[in-house]
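One structure follows; several queries about it will come next.
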Amino acid sequence: MPPRVAVFGAAGFTGALTARLLYTHPSFELTALTARTEVGRRLDDIYPYHRVPIALEELDLDRHGDLGAAVVAYPHGASAPLVAQLRERGVRVVDLSADFRLRDPAVYELWYRDHAAPELLAEAVYGLPERYRETIAAADLVANPGCYPTAAVLALAPLARAGVIKDVVIDAKSGVSGAGRAPSDKTHFVTVDENISAYGVPRHRHTPEIEQELEALGASVRVTFTPHLLPLDQGELVSCYVTPEAELGEDDLDRLYGEAYADEPFVEVVASPPGVRDVRETNFCRVSVHRDPRTGRVIVFATIDNLWKGAASQAVQNLNLMFGLPEGEGIT
Amino acid sequence: MPPRVAVFGAAGFTGALTARLLYTHPSFELTALTARTEVGRRLDDIYPYHRVPIALEELDLDRHGDLGAAVVAYPHGASAPLVAQLRERGVRVVDLSADFRLRDPAVYELWYRDHAAPELLAEAVYGLPERYRETIAAADLVANPGCYPTAAVLALAPLARAGVIKDVVIDAKSGVSGAGRAPSDKTHFVTVDENISAYGVPRHRHTPEIEQELEALGASVRVTFTPHLLPLDQGELVSCYVTPEAELGEDDLDRLYGEAYADEPFVEVVASPPGVRDVRETNFCRVSVHRDPRTGRVIVFATIDNLWKGAASQAVQNLNLMFGLPEGEGIT
Amino acid sequence: MPPRVAVFGAAGFTGALTARLLYTHPSFELTALTARTEVGRRLDDIYPYHRVPIALEELDLDRHGDLGAAVVAYPHGASAPLVAQLRERGVRVVDLSADFRLRDPAVYELWYRDHAAPELLAEAVYGLPERYRETIAAADLVANPGCYPTAAVLALAPLARAGVIKDVVIDAKSGVSGAGRAPSDKTHFVTVDENISAYGVPRHRHTPEIEQELEALGASVRVTFTPHLLPLDQGELVSCYVTPEAELGEDDLDRLYGEAYADEPFVEVVASPPGVRDVRETNFCRVSVHRDPRTGRVIVFATIDNLWKGAASQAVQNLNLMFGLPEGEGIT
Amino acid sequence: MPPRVAVFGAAGFTGALTARLLYTHPSFELTALTARTEVGRRLDDIYPYHRVPIALEELDLDRHGDLGAAVVAYPHGASAPLVAQLRERGVRVVDLSADFRLRDPAVYELWYRDHAAPELLAEAVYGLPERYRETIAAADLVANPGCYPTAAVLALAPLARAGVIKDVVIDAKSGVSGAGRAPSDKTHFVTVDENISAYGVPRHRHTPEIEQELEALGASVRVTFTPHLLPLDQGELVSCYVTPEAELGEDDLDRLYGEAYADEPFVEVVASPPGVRDVRETNFCRVSVHRDPRTGRVIVFATIDNLWKGAASQAVQNLNLMFGLPEGEGIT
């Protein structure tokens, strides 16, 4: 019998897409969708294109039955208490919020707010399969990475591991779905259309998450990270400008990236700068690395679909690992 | 001394654009901008590209000083009471709402709501300069037309006047700015992007306004009118499918449209179907007329910028007429 | 052993998407892709997002091996000679061009050009599965419908069959991919962006195809058909304005559409006007029917993805039928 | 009598916009438009929205009459020979190409090609009015800056002049009009829509131009410059990441930018990161400067309309200076 899973917070963009991927997944049974608003509405009424004919329920852990796993798609801060409840009941959790991504609660509290369940941090595993595949498989609580950290860490991991990053600037660009479903001036069509601007300057909350993961790879570096909002729906590109510790040739770069990703099913190393359309509606991350011979700087581009590899399909990838299923099941 | 004008309701798209046009207008002095929210905020903070360095005030007719004229950009229903107050003080008004467009209060109440100032309907002039230029010049209260009626009536007037319209289908397409500034699911970038759908089916409120004006031209016809929301900011196209009373040749059509618009400064008759970009950020309406030899049907396209000729610049065109100024001053 | 299939003309948008669908199809083996330009280039170099790692070859029927079936994605006129060659070799063909859609060669020659293989018209089956499912299953030559006719015929079939269409106006809107891959002023981003305009006025070539299929359903009517180009990539909406022979109630309409499509796996009848995003990258056609109580007119909207149900996935749907496979295999 | 001007190469985006600005300019008389293709076509046929009712002619310097000035909008390399001919006839020239921007012909030949008129380099003035206002006024040959250098130099000039730039990364984003009017895969709507990618990596030709101007300001630095193509029409944003020579406080930055631009009519220093819409269809450059307290890095954003301040309106600004006219005439 397939594991029963629920998605908590399924009315938002990432929760809804996770619901769709689990609804059509051959090895999970999607048993409940909850939301804090629009209870009673069917998901295919809100998102016709997801075609999930299940109504949103109010949260009531006693009523959702025995769950093998849950995906929590709550906002930062609201997530931790629900995750704690689920863990008490023995439910394995993939959490899409930032609440369990930062291993040091002091860093979390500096960038976010008081932590509601710091006792769970020790067991939480950072859910980037390309980095922590084995640990994820054994984990009961997986903190799904932020979209920018997913792209940035995959872009920089080969250099970080090689110990060659002296300094790095990450200029990121994201489609509007990354700003979430809540209507606002910021997400109004007329604001975004024919426009681009930076936001979160100079302190975007994904910064410490990127630094944590680069440090775990051996690169102790303060990153400059600036995201921009693009007039498109789904897609994210990070352009990383690395000042290397020492001169690196193109052969060195090719070797580092080739070795790092030769066997990765969802990372594609390509020769030309990738476009976000190359990975739209997929779990792929596409990476290219370049060397500026004039400055010696290394330029790495990585692109993902912010809702897929940056959130929902990566959550399913993690669930697959946790349940011993083929890593790409239901997301290819 | 130039007439002093105020814009009431300047935080919305059309009010703000009217403010910009009046701010740079050589023959009006823009003295006050009011809004019901965001009081105290400067307009150039909300709309950097309009570059109007004036703060939004609360409505207080005693404080705005002697006004020669006012533009009211309030929602339907909210507008009539303010217009009544302004008229009591002798202020000449261009009203952007629907409140004074329909001459028959019963029709207004059928499509909208109870009318708050029906006693003013008699003096209100429908502000389509190409139709009512002389009356507008003498009017104290001008009801600025809806965006769809502006395009539809300019498209169909030559045929209506000639008495040849037996039946007409109007398929309209509008950019998102027509939906207003209020953030909602409907105006969220992710909803609109890469999408198109019809709305207001089968009863959009601009229908009786179009029928009223066609009837005034001699065409007593029930129109089928269906608008669609487009993934673009500003611009509106109406595609009108006319079943003629009798066979019309291309020469007849060319003559009718040529005569109607030869001297109109803001109507351009062209040979090929126009695009909304042709008139973006202008007061122009661009029209083309075609005959389908297989069916005898006449097809007329008309395109305007919904915020300009469909609202703000037409309001200024009306103000120019009311104050004896060159009709195109400040809007060309 | 799965049937071996080739796609001829795989460098264009529809050919390339067909190639992708067949490449991942569980029951076909994609053995060759040809193109008239870019020979030697791999398809995943031209279309990274299709991820088909097969190089384009020159056409050489002797070299492509024994084929069970072929999809021909050539331009109108160029297709017929190749189809004739393939049929001589006994290869079953789905042809994406217009060459075999019109049963009367005189009509074809009136709207297109001289026909290169009129002798094949008798055996060609119009590939709209919802209409000709059984005949398609037995056919050796299937003429895949045009994108507009697919949407228009599915929109109007229930009314046509009921004999209630007196007159119809079809106002269609399509994304730019419908204009094909050839770069031109017309498809330049700057031309299309923030724009919409009609084209093919008043004689678009899909008109006789729509009329032929409505007539086959019992509705002998001259349609007025006008397409518009939208600033979006994939998607197509037809808005159909039907003057009925007699008064039709909403119940009548609901019954007609319910009966027609209750068992159709790829037609969704919905209550609200659909958006093209609802069916993006799917084989679905989504239809809604409305009645304007003021005019008695019936308004039907139908939306498809022009590259999918309007071309490539419908071709695969036809192939599935021809080879006795589940109709939705490889396209759901 | 107003100076007579011609635009050579008026069929492209920048030439056509220059033509429009000069056609409506109160103090110039636009007497001729030439093009190398589409001779005989009227400009308002190609660009309806520019409304310039002048036909394109073949180049024939003997026939265009006495010119006071000319704007040359030819491609790099093709421009120099025509400029040389014009200068021989005593015509004052603003050249939109790169041919006279780089003062050192060796640098030009390294990044472009052989130079056809190196003897004119000495008299050419780099046409960035905010830098060379007085010299431009006296010049006979003005090299209009590239769009990226315009934005980048205005972004960085206050820091360069203060001698505090140790290193700089410039991540630039541009709308598609920057790629020119020639249809290609790269400018096809389907390629660009819902996409973003870097191009010209790692050696874009605007790099030496930026370095030349930073050096002239006192900053001898090798810049890393990477442009990206955005799914929008007009607009350009540069995000500059500066490693300062020494710690800079926010007060220092505010003072530097305030002093530099307080009196500049077309540079707006703002507090929040600007969007490209803020300057669409204007000659403004909008700049904001930020300090990342964690890294000490200085982040500067600058946005322009690539066709206006990045090309055509800056050309007119230069012409105004050259002819002693108010600097903003015809472009505000």
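Labels for the chains are A, B, C and D, by order of writing; each one numbers its residues from 1.
Everything that follows uses one rule, which is that a residue touches a chain if its C-beta (ideal position, glycine included) is under 8 Å from a C-beta of that chain, and two chains touch if they have at least 3 such contacts.
What you see is a predicted model, and the numbers here were worked out from it, not measured in a lab.
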item	value
Minimum number of chain-to-chain touching steps separating chain B from chain D	1
Most remote chain, CA-based centroid, reference being chain B	A
Chain pair with the higher count of C-beta pairs in contact (A-C, A-D)	A-D
Rounded Å distance, chain C centre to chain D centre (Cα mean)	46
Euclidean distance of C-alpha centroids - chain A vs chain D, Å	39
Cα-centroid distance, chain A relative to chain C, in whole angstrom	37
Multi-partner residues of chain D (each touching 2 or more other chains)	193-194, 231-233, 274-275, 277, 280
In the complex, chain C residues that touch chain D	13, 176-177, 181, 183-185, 187-194, 231-233
Contact footprint of chain A on chain C as seen in their complex	48-49, 193-194, 270, 274-275, 277-282, 286
Residue numbers on chain B that touch chain C, as the complex places them	167, 169, 171, 173, 175, 193-199, 201-203, 207, 222-224, 226, 228, 230-235, 237, 239, 241, 243, 273-277, 280, 290-295, 297, 299, 301, 303
